[in-house]
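Both complexes shown next keep chain A, but they swap its partner, so chain B is in the first and chain C is in the second.
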Partner chain A sequence: MSLGRRGGLVALLAPAVVFIVFLFIYPFLYGLVLSFSDPSGSFTLANYERFFGDWWERRTIWVTLWISLPVTVASVALAVPFAYYMRRGIRGEKVITFFLIVPITLGTVLVSEGMLTYMGPTGWLNQLLMAIGVVAKPVRFTHNYWGVAISLLIQGFPFSFLMLLGYISGISPDLERASQMLGASRIQTFLRVTFPLMVPGIAISFCLSFVAAFSVFPSAVLLGEPSGPTRVISISAYHWAFEEFNFNVASAISIVMAAIELLVISGVLVWRNRMYRGASIVGKG
Partner chain B sequence: MKDFSRFTISEVTKRFGERTALAGLSLELRRGEFVTFLGPSGCGKSTALGCIAGLVPITSGKISIDDECIDDGRTKVPPERREFGMVFQNYALFPHLSVANNVAFGLKLRKLAKEAVAQRVDAALKLVHLDGYADKFPAQMSGGEQQRVAIARCIVLEPRLLMLDEPLSNLDAKLRIEMRYELKALHERLHVTTIYVTHDQQEALALSDRIVVMQTGRVQQIGTPEEVYASPANLFVADFMGFKNIWTGRVESARESGDGIEYSVALDGFTLKVRGAYREGDRRRAAIMRRLNDRREVWTAIRPEDVQLGGQGDNVVRAKVVQVEYQGQVSQVTAVAGRDTRIDLRPSAPVASGGTIEVRIPPEKVLVFADGEAG
Partner chain C sequence: MRGKFGLSGILFVIAIVVYVGNVLGILLTVILDSVSKRWYSGVLPHFLTTQWYAYVAQDHDIVNLLVVTFVVAFAVVLISILIAMPAAYALSRYEFAGKGLLLSLFLLPMIVPPIAYGIPLAMVLYKARLAARVIGVILANLVPIVPFMILILMPFIEQVGANLESAAQMLGARRPTIFFKILVPLALPGVFTAGILSIVKTISTFELTYLVAGGRSQTIVVALYADAYAAGARPPEAVDALAVIYFLTAMICLVVALRFVSPTQMVFKIR
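So, the complex of A and B:
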């Protein structure tokens, strides 16, 4: 390549590089540096010691995983059969899709507030359950673990479902037909062809749902018990940043969050590569 | 290979709502035969294959092998138990499986021992000249190689019937001819009963024992390549088989003789003498004679290759050359005779565009159809 052409390439790439550096890399590096500094700016590990040394803070990791992992597994596990069923399109698909998009567009806060009303002790869900005699006294759906989990599921499921649907409808129906022609029953076809081909889509939607659920904040505050059982890691970070005004510890907590997310994502990608080896190859035609 | 003596498709019809994609397909396949469904895009070829495979539920009709009813619209053997093989137009190889595992897919379902599977996979890959490709993935292979994997994946199961849906249409011209040759060689080796779908008449002629010509869901003609090529049953088949010069005119005089009919047809600006070799009993002869006696309109058809440049005798026509396309051995020339009659020809001698030429239309090479539709 001549020097002139290389120069042209750099010029073309420059805007994108600048964009990525300023939007992603710079804030991340800034946070990383903050997390290893004391307020005067010199290097220290104290911020991490503060977090890991305190049982109450350390515990937020397990609290958050305990909410986000089951919710993510549940929303993806629910999304797989629905997406599979709707892979060729069904009647009323547009309406269903619309109602699934609504909770995503409304946002966490609005969904949480809605849940507080209709799932609260005097909300219509409990009234209905009591009226038909399923329960004798109101069930607590809010201000506990379940409140947060349900609200995350309401947002996580449509997200996983729509992602998977897009993914699965891109799988050629001829592959299922070919499998059938080779002697596979419907179940065998699902297990040997459709599901393995869905694995990359499942992995991606799991990762994104997990990251969203792991950084849960509004619903953990509004629907949970932020002082204890649902004191998730983002509440801890918020506490250090805006109640203690110690951005160094808050940054350390953010870095811990990122590290845990990366760990889980790596685990998922390892699983994906086990299940689907063909994906490492760039497809053509 | 599981034997059968009669594979019968009778009156199989498929409707999608109002639209009839396949109208009463009837066909009896002999064991080991190579039959081609030939027709333009959208004529129902894939639908026909789908119906036979069981992938498309049929509206009515019946498919049976000897005394075993495969499908009669109400009860049907599911596709996975028909023991038919299908090569899809886009090959439909499993992208997450290696070549060996693609080929082994059906064998593994049949719970064969590991060694037996490996052995048969090896043999099948060797058969399609892909030994050494076992560990590759489909995405790492060229179209022609993928195609051969798809074929190996079917034949390794020794299907009762092998169906191929336009298997060569995604390949370039050179590879298409190579693969056509290999397909033929493979069929001659294995003698698997085959239904082949294509819209390419060259392919159909080169490969088939019999050709089923289709249009808009309807069978137009069933016959050997020679029959379909030399005596198309109607104007549609003739057009498809390369009778590019199709003119309509009124019959002026006709004389029936022992082995044919001689008559002249008034075309737009000149008169065409025709000598039709319609033997006694030919369905078309009777139909044409009826039309002749009625002095009705007929269609004449002749191939561009049969039109001669210059010459003497009957049917010498002066024509103005409007287009010349050089194609090597021959040129493709379009000329206009009479008032507005287009003549296509393929002379080997050079012809100048814009000039005037004399062409001869051999009377015995002209086909006459009494009706645009069925002969």
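So, the complex of A and C:
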């Protein structure tokens, strides 16, 4: 590598490296150091003990996983057949994808705010369900587990779906045709050809949907019971940072959160590698 | 194609109708509630009023909220283009030791939950006296957008192809000239796509902005959350009126964006 080229490379990468070091790595290390120190600055494990030693704090991990994992699995499980169905394009695709992107664009705050009225005891949804006789009494959709789960699903499903749709349309149709020409049935073709090819896409969309669901914060506060059944780990971290102003414990909780997140993602990637080997996409893509 | 109206087709249509119906229901209730008075029961409100918008205008400095929202969105996009463009170029054109490591480092902010890095980041920004100011909100919002942009730009730059650059080099052009005269114009559609997607994303980013924003550096979505959180402090219809203002802002940007990009590009393009 010539000196001039190396200099050029360094110049090109320098802004991004400075950015990632100062705005991501340094704060993260700063948080890591804070999480292992007491207010005077000496080493301690007390912050982690405080989190793991308190049942009320510790259970936020299960509460969060109990909301985010089923929602992520449901989003991806729903998204796979839909993306598969739309892989060659269908009529009205533009309108459908528009309505899918709207809740993602608007974000959790607006969706949660709207759900409070729409799914409330006298909201349209309950009026409709009672009018068609599905239920006799209004169903409680808000201020509980289900409110949070539904709001996450309303955003998680289109997110996984659009990601998978982008992925699946890059899988060459020739592979399916070849499989059918060789005598495989539609189900065999799906199970033996298309689905294995979708696995890397499914794994990544699962990871990214899980990141979004796991860090659930606004909808857990607005639509859930933030002081009880939906006190998720983000609420706990926020509470320690900005209500108790104990940044040491808050940092410890942030680190725990990131660690769990990375653990789940590594698990998914291991699954992906066992499921799938070989070239992913033939032709375009 | 067999089974166009088969079982899977029917299920598909039902699911889409249920989904779209609920999304529309959520949005329409917000809009209707914001112009209604004492809508406690019934399918539609009995009295219509615009008083809640007047209430919001008194309650919040709407102009300031809008200005901050757009200043943050545009500043984040401009700065992240300046950071991401050269990096994406280097990553898609050159092979060098540690490239894979660098790429995963750049993508790390995408798989760590925003609250988990947002809290330490907010502490650092508070210590540097940058938080609770617009500059702090811009810095915090850069963290997820720069990686997002690098990821979108890389395939566009790969598409331009190295041949044109070699040709220019052979004809005696220097590297900076090649970068600005050949690559930047040819990659412009990609830059534009990435820019528009980032604006839409930044306007709806909640967690990071919420952690670092203070009174006058709030964006609309943060103000909306604060209002909805303090339910009871103001009439619910007034919260919905602010929600409609946010909804219109985000929708205008989305509709503009969808003229240039497809919805599948709004989420990550995974390859």
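Everything that follows uses one rule, which is that the second predicted complex is superposed on the first by the 272 of 285 C-alpha atoms of A that agree within 3 Å, B and C clash if a C-alpha of one lies under 4 Å from a C-alpha of the other, contacts with A are read in each partner's own complex, and residues count from 1 in each chain.
Everything below uses one rule, namely that contacts are C-beta pairs under 8 Å (C-beta built on N, C-alpha and C of every residue); 3 or more make two chains touch, one makes a residue touch a chain.
Predicted model, so just to flag it, every value in this text is computed and none were measured.
Shared-chain residue A:Q188: touches chain B; no touch with chain C. Using the contact criterion defined above for the overlaid structures, shared-chain residue A:P27 touches chain C, although it does not reach chain B.
The partner of chain A that touches more of its residues, comparing chain B with chain C, is C. Applying the stated contact rule after C-alpha superposition, one finds that A:P70 touches neither chain B nor chain C.
When the two structures are aligned on the shared chain, A:G170 is found in touch with chain C, with no touch to chain B. In the superposition on chain A, contact of A:S179 is made with chain B only, not with chain C.
When the two complexes are overlaid on their common chain A, residue A:P196 makes contact with chain B while staying clear of chain C.
Shared contact residues of chain A with chain B and chain C: 281, 285. Chain A makes touch with chain B in their complex at residues 172, 174-175, 177-185, 188, 192-193, 196-197, 199, 276-279, 281-285. Touching chain A in their complex are the following residues of chain C: 8, 12, 15-16, 19-20, 22-30, 33, 40-41, 43, 82-84, 86-87, 89-90, 94, 96, 102, 105-106, 108-117, 119-124, 139-140, 142-143, 146, 150, 175, 200, 204-207, 211, 221, 224-225, 228-229, 236, 239-240, 243, 246-247, 250-251, 253-254, 258, 262-271.
Against chain A, the residues of chain B that register as touching in their complex are 53, 55, 78-81, 83-86, 88, 90, 92-97, 105-106, 109-110, 137-140, 143, 146, 153-154, 157, 170.
Here chain A touches chain C in the complex through residues 1, 5, 8-9, 11-13, 15-17, 19-20, 23-28, 30-31, 34, 78, 81-82, 85, 96-119, 122-125, 127, 154, 157, 159, 162-163, 165-167, 169-170, 200-201, 204-205, 207-208, 211, 214-215, 217-218, 221-222, 234, 237-238, 241-242, 247, 250-251, 254-255, 257-258, 261-262, 265, 280-281, 285, going by the rule given at the top.
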